[in-house]
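Right, I'll just put the structure down here and ask away after.
Each chain gets a letter, A, B, C and D, in the order it is written, and its residues are counted from 1.
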Amino acid sequence: MLKRPLLALLAALTFPGAAFSADLPEDPMGEVVTFSRQDHDRLVWVTDMNMPHQAHGRGYLIDPDTGAFLAMLDLGYWTTGIELPSDGARILSAETHFSRTTRGERSDVLVTYDAKTFQPLGEISIPPKRASVVKMQGTSALSDDDRFFAQMNFTPAVSLTLIDMDRNEFVAEIDTPGCPNVFGGGDRHFHLLCGDGTFLTLTFNDEGAVLNKERSDTLFDPFEDPISISGVRSGTHWYFVSLAGDLYDIEMDAEGVRLAATWPLISPDERQDEWSISGFQHLAIHRPSNKLYLLTHQGPPETFEDPGTHVWVFDLATQAKSDGYELAERTISIAVSQDDAPLLYGIGAHIPMPLLAQIWIYLTEGEAPLIETVQFGLDVYDAEDGSYQRTISQLGHLPSMIQPW
Amino acid sequence: MTWFDRFFEKTSRTAARLSSRRSVVGGIGALVAGTAIFPLLPVSRVRGEEVTNDPGDPSSCDYWRYCAIDGYLCSCCGGTHTACPPGTIMSPITWVGTCLNPGDNKHYIISYNDCCGKSGCGRCGCVRNEGDKPMYLPQAANNINWCAGGSADIIYNCSTAIIVGVDDDA
Amino acid sequence: MLKRPLLALLAALTFPGAAFSADLPEDPMGEVVTFSRQDHDRLVWVTDMNMPHQAHGRGYLIDPDTGAFLAMLDLGYWTTGIELPSDGARILSAETHFSRTTRGERSDVLVTYDAKTFQPLGEISIPPKRASVVKMQGTSALSDDDRFFAQMNFTPAVSLTLIDMDRNEFVAEIDTPGCPNVFGGGDRHFHLLCGDGTFLTLTFNDEGAVLNKERSDTLFDPFEDPISISGVRSGTHWYFVSLAGDLYDIEMDAEGVRLAATWPLISPDERQDEWSISGFQHLAIHRPSNKLYLLTHQGPPETFEDPGTHVWVFDLATQAKSDGYELAERTISIAVSQDDAPLLYGIGAHIPMPLLAQIWIYLTEGEAPLIETVQFGLDVYDAEDGSYQRTISQLGHLPSMIQPW
Amino acid sequence: MTWFDRFFEKTSRTAARLSSRRSVVGGIGALVAGTAIFPLLPVSRVRGEEVTNDPGDPSSCDYWRYCAIDGYLCSCCGGTHTACPPGTIMSPITWVGTCLNPGDNKHYIISYNDCCGKSGCGRCGCVRNEGDKPMYLPQAANNINWCAGGSADIIYNCSTAIIVGVDDDA
């Protein structure tokens, strides 16, 4: 079976004029595409908890410029996302697995994947307490030097697992009652968001031993208007938005956590018109230009998690809204690339039919058949003017986190 | 009212502006008349909503007790709105919401206990977020998998809506 | 928090006239619905490999008369279905699990589930060679006395795993080269379908030791017109249909396997009109009336796995087509209940939008958006006249096997 | 041609009988004209089909090599029609089909090797069954998970379509 095609190939090479009518050559067997970061101007990871099929938590690697789906990772039961060390050579994922897929003995492990072959390089056992929550931001963090990994636990007691990535070992579980969400800021510090409106800064040494726990002032009112956990970072500053639309510029460093500034992203007039924050990952930042992007839509307060229809752009230096545009798709998460001609990424809730067909079905049968057809994809826009570029569709059942890489 | 309702309420208005409402409805009417397969009236909204002191259909996302829910309705998964499906176990603790019962115009405290130990039911998904808070306020956070800590561990199947009291302050 | 509702309930009971305006009572906490077979006239299991999320292989238990979804089982990676012992007290499932959900160490186990609580009662380790195939019929079988369980293996070497359900132990792996699919017929016999058009009968003793391997005559032409593996059984007779539409009535018992009769279900004229077998489980049988049901549609030979649009009914005694009707939905599998007023069950490929909306999308955008919206549900029909009764929708991603229980 | 194509070819004829074709198309046209969001022409069918000796788009189910396939196209999953996505491993053996290449009007033997070790890609699902046989004839059976026996075991990700020869007998 092998010889004939080889002969045909030889014939084609020997008599190029006959190539077009010669047989197609035999294809090589067993080939695997080799991934190289250098082949791509930009890359982006999308993480999917795949609800209701959470055992298939996955990460998808996408080239936003070509729209190519490049590779994927299997991330275990109810993933809350991946961490991307700055060396670009590894991907870290805290995972939960069961001996019988969805029953039996539970094992939690921190897995290191090779960022070229997408195969596991190794895993570290951690306490089987990893939090499974719908929003992925604030569930894990890396120290700024990528040495320590911190994982949020919820059993429902709240604690933090600390892992030393240099020594490849679990270091400690630290009780952090009332303070579940974790954010990076420093080589030997993690900052935890607490239910009383404060932050708790953990300072530890090279061995991972906690040297100090420092509680911040009350930075916001958790009962009147709590901040969303979906913050974005630039240097020592983390930016959060409250459910009602106030921005909190919060500085996190070795000294602890302080409120640098706060101002409304949604003005009183706009609140009157029911403009609201939207979706899961509702803030994005373009660090080179110091621009902040807010995902927004119109709806009453309880709609703060509904898909967004618009993006508003703010200049962080002047605190002024500089721009805004409508998105092509209803969108649950946004992020922005960090280059000079940035792209805005959105996870769109697509209904695979023309708008008028949707309206027709809505009028005749209600929303249920439409909800059942929603499919999520990564939509790529020009971040400058919001012009739609392309969609990478069929990305599982509930992709929610976007990470430029 | 879910984001679909809101979206289409708004979109229908937009569509009516783009084309005159008469012609849109006429176009739809012509198509529907051509087949008569589906009724034009939104019948799904009416069924089962008799006025009692606990009105509504527990297998519909519109049911009043689900005002703060985020999950699959156990009523569609072998359970009821207050009991887990066979083979699953109810999470011992969870978040609570406060919902207005249109049957008696009182606010009730609803405990949204998850049923755990079988994989996600996938039927009657329902997301409503009245009073939902970020997960660092767990007592009011529906983004948390409350199967955590139960004996069936974190395998989430569906969610219930259990009355635990009347909220006299609401 | 507990006392107020209890008082309200008391008040309501004490003053019944005030009941309507009293508070709703507190609900009990921690309740689980109790399943009892006696509460249901009829029951049916639907098994779902859940492609592309095969780690979530599942079984769904449904009351076809009320349309209620009653319970579910998690069946591991790429399930090929369940076996239902006649005592109705247990459900048996050969499963594959991996230590890291979709990677790591593989464990194959035969799990016994309690048919009342749907919890595992125990498991038996078996060789990690269980076949993962798209069609579920013929991949496992029970001896007629429910004592021995036989499992098809494919590595791609073909063998059969034998398990003793009384002693709860793996007995043996038996090489059965060329003969993968297994069918029941006798207390100490299994019958295997071979690629040369024969059957291989294994006879074993109470200890599970193979006493005899008997090869049948060539019963069909596997190259010209192979039979589908989706047979149905009545007593010692198994009925299979060939890809072109010929019925093979095959007797399987202690003596071996013999062809009892063969005749066309699809006549030469009907073949000219491109009538074809359809879907996965294309035959159903109603044993009390000796009626055979064929799922069919019109299309060229390569469409033998396409969804069916019609059911034809045959009288097995007279070999005559007695009836036929069009189904409300395109259907991939059928089965029939065994009572006096039988129901026909179909797994329908539903597109959740009106037909003209589908046509519109097809004309403007092609088939891709439509394929993406297909959802499978169990459709219930009157088996007598094909009148549509109801649908149990939202049954995962690729339910394919229907088993009345 | 998949079952969708066949179904709609038939259904469109039926619909044209139910209502006159003019009025159906007119109704659709009116709606489309009202929004102009989607083009009326089936553009998806034309793209990429230049006449070469290997014509067609390997990320489309219509591509000639996929005549006997049943799975997700590796071309949409990080691989190509002949190579696996990064992180997966190609199954060493598999079933073969025979497909007619419209570019040179010859029949080719195509080996549909599965890529294994990551869960189902879920993109570009494609079921075509020319010459597909029951699983007891495994060399021609696309209903088998051919990851079996490979070093990544039975975790199926996607399928390739590799030319292994010309079928002079077809």
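As a working rule, a contact is a pair of C-beta atoms (placed from the backbone, for glycine too) under 8 Å apart; a residue touches a chain by one contact, two chains touch by 3 or more.
Just so you know, these numbers come straight off a predicted model, no measurement behind them.
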Message: Farthest chain from chain C, going by mean C-alpha coordinates, please.
response: A
Field: Between A-D and A-B, the pair joined by more C-beta contacts
entry: A-B
Task: Please report how many Å separate the Cα centroid of chain A from that of chain B, as a whole number.
output: 27
- prompt: Cα centroid separation between chain B and chain C, in whole Å?
  reply: 32
Query: Between chain B and chain D, what is the separation of their C-alpha centroids in Å?
result: 38
Contacts with two or more other chains, residues of chain C listed in rising order: 53, 55-56, 74, 77, 98, 102-103, 354-356, 360, 364-365, 370, 394
Per-residue overlap in chain D, given as positions that touch at least 2 other chains: 15, 24, 28, 31-32, 34-35, 38, 118-122
Query: What residues on chain A touch chain C, complex-wise?
result: 50, 53, 55-56, 74, 76-77, 95, 97-104, 107, 109, 120, 352-354, 357, 360-361, 364-365, 369-370, 372-373, 375, 394
Interface residues, chain B side, partner chain C - complex: 31-32, 34-35, 37-38, 53-54, 76-80, 82-90, 92, 101, 103-104, 106, 108-109, 111, 113, 115, 118-124, 162-166
Message: Can you tell me which positions in chain B touch chain A when the two form their complex?
response: 2-8, 10-12, 15, 24, 28, 31-32, 38-42, 44-45, 70, 72, 93, 117-122, 125, 127-138, 143-149, 152-156
Query: Which of the residues in chain C end up touching chain B in this complex?
result: 1-2, 4-5, 8, 20-21, 23-35, 56, 58, 61, 68-74, 116-119, 354-356, 393-394, 396
- prompt: What part of chain A is in contact with chain B in the complex they form?
  reply: 51-55, 77-78, 96, 98, 102-103, 106, 131-135, 154-158, 178-181, 193-195, 222, 226-229, 243, 298-299, 302-307, 330, 355-356, 358-360, 362-368, 370-371
